[in-house]
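In what follows, chain A forms one complex with chain B and a second complex with chain C.
After this line comes the complex of A and B, so read on.
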């Protein structure tokens, strides 16, 4: 019976981590589904969000909700700036996605090291003043922040899908994702739509960064999690936002189970072996759309 | 060993490793983030051969290369069928898996504590000899049927397969050569630094090598060599700037993509033809088509 309890606790832990991954992966998948490249800088968006929230909370003594919103705003502004500086020049020239990818890598290196130089590489903790820290159901304990993260992830998915479906900007985004050239011919301002996409992705990234920073620690290279986010997005199917969320949950659960039952040092090995297996068996991921390559 | 010698050896070893990425990325179009894994295999196997078996340097290097090549086979079969984006992630995974495995088998490899005490046998002449050999081999490969087929696959895989080129076969050949070069570089690295640790072979290393190829220009051997030398030596000169170095590096990469994405040399090569043309005297009455053009390596 104790074994079962342990298993449930592991599952809960896995879902907690999965919620963090999922929230980060949603914004990432949005950019992929619209622009068709892996936005490596996404990790840095989360980092900026976490640091902005940290500073508003510690230096300005803002209440928690305000810090979260400030973090989201900071990340969103960063995202739009990155889009303007690093991506739109390439977009205007219809560069192949390889160039975007390399530009993203460069931006990631730049932001990470800018963070290290200006903020210092120390790990910081968020000054949290929540009344409830941990909730217990019998023998199972789960952090209040983890529940909040999971809940916000799901909200994020639904909100994003709603925006994409029911707002004008959302329709413009979907049009650009489908065929940017045709969309521009129909009078959609590609430039503005790109900024909108990055704004949305930045907001989500900021939120995930803040929550992750609160649950764990905040440091300039926390953006290196983007590789795991990439794996989540692929597991769930590149091009599907809800798939990325599912992929995030799945990754969190698998990681935790492997750590707990097999070995924590083999955890990353398992993750990548699983990834390769998924890519071989079902390359579109769990919920992705299979796209045939055109000549 | 003087400071400049050390710098030259480091640049030379980097060139050999980056040539491996050139074959895979520049010629065949396979973007890889796992090359450091091949380097690690070559490094550790050759180091262990020297340490445990006491073999001389050439034998150790050979064992390292053989081990790496053997590993490329089970890696290539599942991953080379994946397209584009997915191959990149798979290569990343492979690099990470190799790194973790090295960490975990610490009774043999020393794990995260490292593998010390490797005899330092790499010197400037050894390095230069291997660099010359590798550049010669790779340029021969490029001019051969194999190289042309790889470039065809890079340019348009579907069209290449339509005219009878088996993409998987040539991708596998490219991967094997890439692995061999990486393993050789790793072996030389091990016998130069004298100490190995898994942290030397992570994603950052793979990313650096890939960026060097892109800087130089995809598909250009000259470009890869020159870019690698520049990017190996430049950090030393910028040492005073400490952490800002990497910030500038990031800026440089972004600027490169915006201003000159084809890299320093595009896909052109420096060849003996070009040098001959510089010394050719113009025939009177006939206009020269202009000096200073580099010709394709044909």
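After this line comes the complex of A and C, so read on.
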């Protein structure tokens, strides 16, 4: 296989993985940009989305699109519940962002273990029979699901930006992100806006969870990918939703090229070296605003 | 009146102390043996099979009157195949539950984690399925095995070796080897496969490492595609192997797949689907083995659990039998006596082979114990043939 062909295939692989990361990172970055803390429970939102879709597809024999929507709904509901239980009490007390971070980690561990206890730690496959699984261009193979994931991530970015720019809720969200106290003085219902943010993040997380579950496997601790998502968000610039998407693509490509041309064992080493480099050289990331606290 | 109250209190306390003493005395009739393994998490499919195999043996032994006229009781702990957790479980079994022997572990890495405890507490440990050479011999080939560690399964040397022999026999000469750098088991099979394959005139065209727990392998598989092998060897565990096989086929890799017993699980075919079809797996036991002792075990197991036993169940069953047989020959439940008797085991027929313990390695002798070749056909692993374990 010619060297160039090899490179093209690796780029395709990288973009495929990047699409998965990107889609997961968008919802995560939304929460960061509005509330200023890392919502590590985001991984568990994706896990819930994947499992709800799995059960809808296998037990209720629903068509794929319905399962995806069910997964998104499940994740969104979970997100809103977590917001009510773990964050709004802290919000009302004007707690520092570190408290939110700790609360997030706690909820994350809780949901993971709840999943292990109730669902069992076995790996499950999503029952999906696509008419075409892989598309071949000569020697290059592209997964059909990967194309779908990439396409949906881009749609997700545009849709989210549109909501933020053109809808009332979107404007409220932006106001809260800028200054929540001032926004409340302007008559914006912080509590309702908060739930709306988590709803949106949950929907996106659910979608990414289902697609990840279809591409790989579904299991209760699949949310542990959130560390990588955090890296994507930092690369792209915490505080920028489209930045997080770009960060996701970038991470996917870098990981693949390192695995493909250097060694698979160095992949994670490289990722975190890159993270440190970004934090030292350009902490705002590619497209973000300068923020001191990245927790 | 006061003195009466004190008298009554003293009598009550005395009765309570005696009551505490009495259950202890009746429990001492049981001979306790410990088991630690993964009942949840990554290795759960195997740990569960091992537990069922041990329970089957426990029931058979107790139904036949137990050992030395006493019933045996196996105490099970779930350690999630976590190297820290297994140390805790084993310590609890020895110090709190006071077991006379410990059956552990399916994972070579966990065996190595608790091997020092076997020597520290001088309790014999028997592993049913760990195959890395250093589990029983800190320096393989030195003739100085760990005094208190034994196994009833052939090591990675036999496994990798028989895999290489079979793959060469089928006409494959250019192998790609995928291994897991985080698992001692995988490194062991990789080494023994490579050595035997090269000695039989084969060539390893490319070697790629992955890390257990990862799901995305297309970068590594693209490199393998470029090296143009005619067979791809998976020395990893079943979850990673299933994803690797799926992604490999999607990338257009049509080569024959083969692997060690890390692949032996129905989870492999469940996760991989048609991608696993035709893959060879070397392992230690097959429920389709026509020998009567195997078929009887299979029937009883299937009646209880509705599915066939696998190598884990078969070997774990034999591990408990090894300990029970040793207790009988030692005529004692003292851990040292049991250890000495295990070392002298000769031609003990198990469902998963005949065990003659090699004094110099604490492994079963390969001339009495076979390896088994399986192949994935129609979505399940099927018995092909038994080969020598030498």
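Throughout what follows, the second predicted complex is superposed on the first by the 289 of 295 C-alpha atoms of A that agree within 3 Å, B and C clash if a C-alpha of one lies under 4 Å from a C-alpha of the other, contacts with A are read in each partner's own complex, and residues count from 1 in each chain.
Operating definition for what follows: a contact is a pair of C-beta atoms (placed from the backbone, for glycine too) under 8 Å apart; a residue touches a chain by one contact, two chains touch by 3 or more.
This one's a predicted model, so the numbers in the text were calculated from it and none came from an experiment.
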{"item": "Touching partner for A:265 - first (chain B), second (chain C), both, neither", "value": "both"}
{"item": "Partner chain(s) touched by A:141 [first = chain B, second = chain C, both, neither]", "value": "second"}
{"item": "First (chain B), second (chain C), both or neither touched by A:279", "value": "first"}
{"item": "A:116 touches, of chain B and chain C: first, second, both or neither?", "value": "both"}
{"item": "Partner chain(s) touched by A:238 [first = chain B, second = chain C, both, neither]", "value": "first"}
{"item": "Touched partner set for A:57, first chain B, second chain C, both or neither", "value": "neither"}
{"item": "Partner chain in contact with A:227 - chain B first, chain C second, else both or neither", "value": "first"}
{"item": "Touched partner set for A:102, first chain B, second chain C, both or neither", "value": "first"}
{"item": "Partner chain(s) touched by A:216 [first = chain B, second = chain C, both, neither]", "value": "second"}
{"item": "Per-residue touch tally on chain A - higher for chain B or for chain C", "value": "B"}
{"item": "Where chain A meets both chain C and chain B, residue numbers", "value": "116, 265, 268"}
{"item": "Chain C contact footprint on chain A (complex, rising order)", "value": "1, 6, 9-10, 13-14, 16-17, 116, 120-123, 125, 133-134, 136, 139, 141, 143, 216-217, 255-257, 259-260, 263-265, 267-268"}
{"item": "Residue ranges of chain A in contact with chain B within the complex", "value": "38, 85-86, 89-90, 95, 98-99, 101-103, 105-114, 116-117, 227, 230-231, 234, 238, 265-266, 268-269, 271-273, 275-276, 279-280, 283, 293, 295"}
{"item": "Footprint of chain A on chain B - complex, ascending", "value": "31, 78-79, 81-83, 85-86, 88-90, 92-94, 96-97, 100-101, 103-104, 156, 158-159, 203, 207, 211, 214, 243-244, 246-247, 249-254, 256-258, 261"}
{"item": "Complex contact set, residues of chain C against chain A", "value": "40-42, 44-45, 181, 208-211, 215-216, 218-220, 222-223, 225-226, 228, 239, 243, 250-252, 267, 270-271, 273"}
